[in-house]
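Lettered A, B, C and D in written order, each chain numbered from 1.
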C-alpha cells in the first residue's frame, strides 16, 4: 500500500526528531526552519530557536521567508542583532545545534553552498555561505538537511563552505581531521529525502542509520544516489511520521505549503 | 569694590565660554558638567553634551551626581552604552571637546588623576583615570578645569594619567611631543580659579591668556601659585561674568549649590 | 544633522560616486532601501564596490544594472524566492573576469568586520573562517588588487597566536570601512534620529562605520516626542548626513509593521533576471520608465500595495499568498 | 534559566568562591547590586578578584570588608560624594604590598576588554592607552603574577603594526573574563529575561562574558507580557543563571525610575571609611548586625526611603537634599 505522506514530510519529521528541549538551535531558512518549528510544536516546546539576523527564541505562527522576516520576531522576547547572535552566542560556543542545508555534502559531512566546478570559473555559482560556514564551525553539533541525489552526495565537495569532519587547515590548502585541528562540534546527522545518515565515531565517515522503507526507498537506491561507497550495514527502517506529527506539520507549521508542497 | 561673584563662578563661566554650538562635548562629572550645562543654557544651545556611561545630548534640569545618573538621561533621545560613547564616538575621533578635571597638571598639560608620589608607594592615591585618559587622547581638543594651587600646577606630573602635549612613548618609558607620536588632539586651555591658561603653538608650553583681575587676582600671585615658570607676558584681564550668565548659573544650572557652593 | 539635510530622492545620486564602497542596509529580503537604489540605477552609476553583508534583491539588481564592479559579501540571493541570476552570470559567463571581482565571506566574519569599522579599529580577531576553503589564498577574490587598491585591505586575513591566554591560533580580519551607507527605516526625526522596529540587523554599526549616511524613511516624525518614544530610537541624528521621506521606499522587501514582501515582484524580477536581454527589458519597464517613485508604485498597483500592508497585530501581512507556483491562480 | 533558579538572597554566597573574578554591574553610584554584596561580606568571602569597570561604593566596601585581594579597574570612588578611603589605604599604608594587587585601566580600555569577553575573542585592538603612564611596564600592577596566575592575562597589552590598512601601530588588550557577574535590574521575568531602564551601561556585555550570572531585581514580573513590553528587554534569560527579588536592593545607589542615591548613607559611610576601626564599627552596625535585608532597610528608615523614591516624571527624586554640608541642617 502507498504511504499517506511524502518523502519531504518524512525528511522534515525525521529532522525535527533530532532536536530536543533545552537546546539552543540556530536554524537557516527553508527546510531547517520547517523542521525546527515542527519540533517546537511537538516534542521540544522549550527548545530555543534562533535565526542569525535577529530572531531569538522564535516560534512563528507563519513561516518566515528569511531569517530577518517580521514573522520570525513575532512575539519574541528579545531582538538582538547579528553581533549578539553570531558574534556572541555562536562565536562563544553557546549554540547547541546548527541546522543547515546546502548544494553538496561529502562523505565527511563537508558542505558546499558556494559553487560547482572551480571557484574562479564555476559551472554553477550559488548564493554563498551566509552564516552556514560559521554555524558548521562553532555550533556544538550540526544537522544537515538535503535532497538525496548522486550529484549532491559526493566523495569530496568542490568547495568547503562549511567544515565537516575533514577540514581545510590554517594554510588554506592541506586538509586534516577536525579534532586534530582543535575544532569542536561537527556534523551529527544528514537527513535526506531517503534516510538519515550519521558519522562513524572513529573514521568520521558517513553511514546510513535509518531509511524511509515505508516510502519504497531501498538501500540499493540510496547507494546508487550516493556518490561514494556508503556503509549500509547498520541501516534500519525509520519509524514513520505519527498522525499527530503529520497533522501539526500540515495544519500548524506549513499550512500554506510554502516549503512542503 | 568687591566683585559680586566668586572665583568658582568666574571659572565655570570662563570654561563655558570656550564651548560652541555644533560641538560634541564629552564631559566628566563635577565642574566640567556645570560649565557644559551653563554653555547649553546660554550661548551654545545646540551643543551636544555626552557622558561616558550613557548620556547622549543631555541637557539636565538637575545636575547629575555622576555620568550615569538618572538626571543625565532625562529626556535624552538615545541611550547608548559606553561601547557606543567611548568605543565608537570617542575612539573614532568624533568628539570635538573633552572636558576634564584632575589632581595635577603640568606645563605641557599632562593630567594626573592617579597618584602623588611613586605609583607603587604613593603619598596619595586617587580614584584613577576613569575615562579621562581616553578623552585626553582621542578628543579633537581638551579643556582642563582645576583649582589654581602650586601643588596642582607642577613642572612635571607624578603620573601621566591623561596625555597632554609631551606624552609617554609606546615603550612606556621615554617621552616625546604629542605630534611626533602621531597623536591628534591635545589640551586647548586650562581654566583655573585665577585665570585661563593656553599653550604656545610651537613650544606647547602653558602661558597665561586671561586672569581674573576684577577678583583681585594679579599675575604675581598666579606665578607664585604655579610650580613652574609661566609666561605672563600675554595675559589680559578676563571679561567678568555677565548678569545673565550669573543668573542662569545660580538659578538654572546649580540652584542647589552642589558644585558652586 | 539639521533640517537642511532633509532631501529629495532625486538628490541622493549627488552623494555617491564611482569607486565608493557602499553598504546597503537591511537583510536579504527585509528593509532594503530599494527606492534609493532605483535612483542610483537611473543615474547610471558605475564601478560601485558593494560591501553590505548579506545582499538580497538590492545587490543582484545593482549588479544586473551594471552598477557594480566589486562586491564583498557572505551571501547574495533572494532566499526562498529563487536564485540571484544576475550575480551568477558574472561567474558562469565571464568566469570572474576582472570587470567584476567578488570576495566571499561569512555572516559571522561580515558582522565582526563591520563591528570593527564602527569601533574604528583596523582589524578584529575572530574564531570564524577556520576549516573552510574561504581561507585558501587562491580563493581570495581581491588577491590581485590588494596591494594597489587603497579601498581594499592589503590582506584578506592574518593569523596570529593569542599572546594573552591559552595561546590559541587566531584569525584577524580587517574592518569594513564603507564610504556610503544607505538605509531604509520606519521613522526618522527631523534631526536625523532614526527609529527601527522588527530588528536593527547591522544598520546601526554600518551607519557608525560609514563616512556618509543617507537614510530613506517611511515617515519623517515632526515635533517634540514623548520620552517613551525616544527609548525606541536606535540611530542618533549626529551620525546621519541626509534623510529622505519615501513611503513604500523598501518595496519589494518587507518593512516590519509597515508592509510585507511582494511575491509578485520577485516572481517577475527573477524570471527576467535569467538573461541579459530580459533583464534590460525589466530595467526599462520598472526603473528607467518611471520619472518618479510614485510612477513606480502605480506600476506595482494600489490593489497589490493594499494587500502588502502589515497587520499591526503581527507586523506583517497575513493576506499575501506566498506560494509562487500558485500565485498565478489568484491574480 | 527556569523558575527553579529563582533564589533567596542568602543563597548567592554558594555560587561565589575565593579567587573568582567578579564583575559588579551598574556604574559608580548607579544600579549597584548592594544587597548581594552585603551578603558576600556577611559570608566573609575573601580573595575576590574584582574586574568591574568602573567601581563605586560597591568596590570600596568590598575592599574595606577584606573581601578583595585583586582589583583591575579604571576608577574606584564615590564621584561627588567623597573619596574611596578603603581603596586608598591599601596603597598609602601598606604601599601596595602583595596582599592587595591593583591594575589600573581606563573606561575606554575597560569597555573594549569586556566587549572582547562578550565576543569570546581573546583580545581586541584599541586606540586608547597611548601616551599615558599606564603603558609603563613598571606600572603593571599584576606584573608579578601574570605568568603564574591563570586568571590573569599573561601580558597587560601588546603592540603590533596594522597589517591591513595604513600600517599604524596598534595596541592589543586582553579580554575580560569574569567568573561571576552580579547585576541589579529594575525588572526580571521568571525565565531570567531582564529589563533595564535609564541606561544598560556594560551590564549586558558583562553578563554575556561571565561564566555565572546572578541578578537581583526590584521586581520579578510574572505571566505573559504584551509584545511592546518585550521590546524593552535587554538581557535574555538564557545567559542568566539565578535571579533574586530584592526591593531597594540597589540602596544606597540610584536605580532609575525606582529610587535615588542616598546622600545620608554616603555621608556616614565615607566618614567611617577613613579609618580601619571606624570602618569595622560601620560594618558591624550596617552589615553584620542585620540578619535580613529588611532589617537593613529598617536601619535606613522608612522616612528616608520614602524621600528617595523616584518621581515617575523624572526617573529620580527631586526631593532629596544633595549638599552633604547642608544635610545635617534638615535631618
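Throughout what follows, a residue touches a chain if its C-beta (ideal position, glycine included) is under 8 Å from a C-beta of that chain, and two chains touch if they have at least 3 such contacts.
All figures in this text were calculated on a predicted structure; none of them were measured in a lab.
> Compute the shortest path length in steps from chain A to chain B over the network of touching chains.
The fewest touching-chain steps linking chain A to chain B number 2.
> In the chain contact graph, what is the shortest path length, in steps, from chain A to chain D?
So the least number of steps between the two chains is 1.
> Using the stated contact rule, I'd like to know whether A-C or B-C comes out ahead in C-beta pair count.
If we tally the contacting C-beta pairs, A-C comes out ahead.
> Take the average of all CA coordinates in chain B, do the same for chain D, and state the distance between these two points in whole angstrom.
The answer is 27 Å.
> Just the number, please: Cα centre separation of chain C and chain D in whole Å.
Distance between chain centres, rounded to whole Å: 40 Å.
> Cα centroid separation between chain B and chain C, in whole Å?
The separation of the two C-alpha centroids amounts to 42 Å.
> Which positions in chain A touch two or more other chains at once?
Counting only residues that touch two or more other chains, chain A contributes 79, 87, 91.
> Return the residues of chain D touching two or more other chains; collapse runs of consecutive numbers into ranges.
Counting only residues that touch two or more other chains, chain D contributes 112, 119-121, 126-127, 168, 231.
> Work through the pairs of chains, note which ones touch, and then classify the graph as line, ring, star, complete or other.
Chain contacts: none of line, ring, star or complete; other.
> Spell out all pairs of chains that touch, sorted by label.
Once each pair is checked, the touching ones are A-C, A-D, B-C, B-D, C-D.
> Which bits of chain C are touching chain A when the two form their complex?
Those in contact with chain A are residues 26-31, 54, 56, 73-77, 79-81, 83-84, 87-88, 90-92, 95-96, 104-109, 111-112, 115, 126-139, 159, 168-169, 198-202, 204-205, 254, 256-257, 260-261, 310, 314-316, 318, 321-323, 325.
> So in the complex, the part of chain D that touches chain A is made up of which residues?
Of all residues in chain D, those touching chain A are 118-121, 189, 191, 193, 208, 227, 230-231, 233-234, 236-239.
> Which stretch or stretches of chain D touch chain C in the complex?
112, 119-127, 153-155, 158, 160, 162-166, 168, 170, 172, 174-175, 177, 197, 231-232
> State the interface residues of chain A toward chain C in the complex, per the touch definition above.
29-30, 52-55, 61-62, 65-71, 73-74, 79, 81-83, 86-87, 90-91, 114-115, 119-134, 136-138, 159-163, 167-168, 170, 172-173, 178, 181-183, 256-259, 261
> How about chain A: which of its residues touch chain D in the complex?
Contact set of chain A toward chain D: 24, 48, 56-57, 75-80, 84, 87-88, 91-94.
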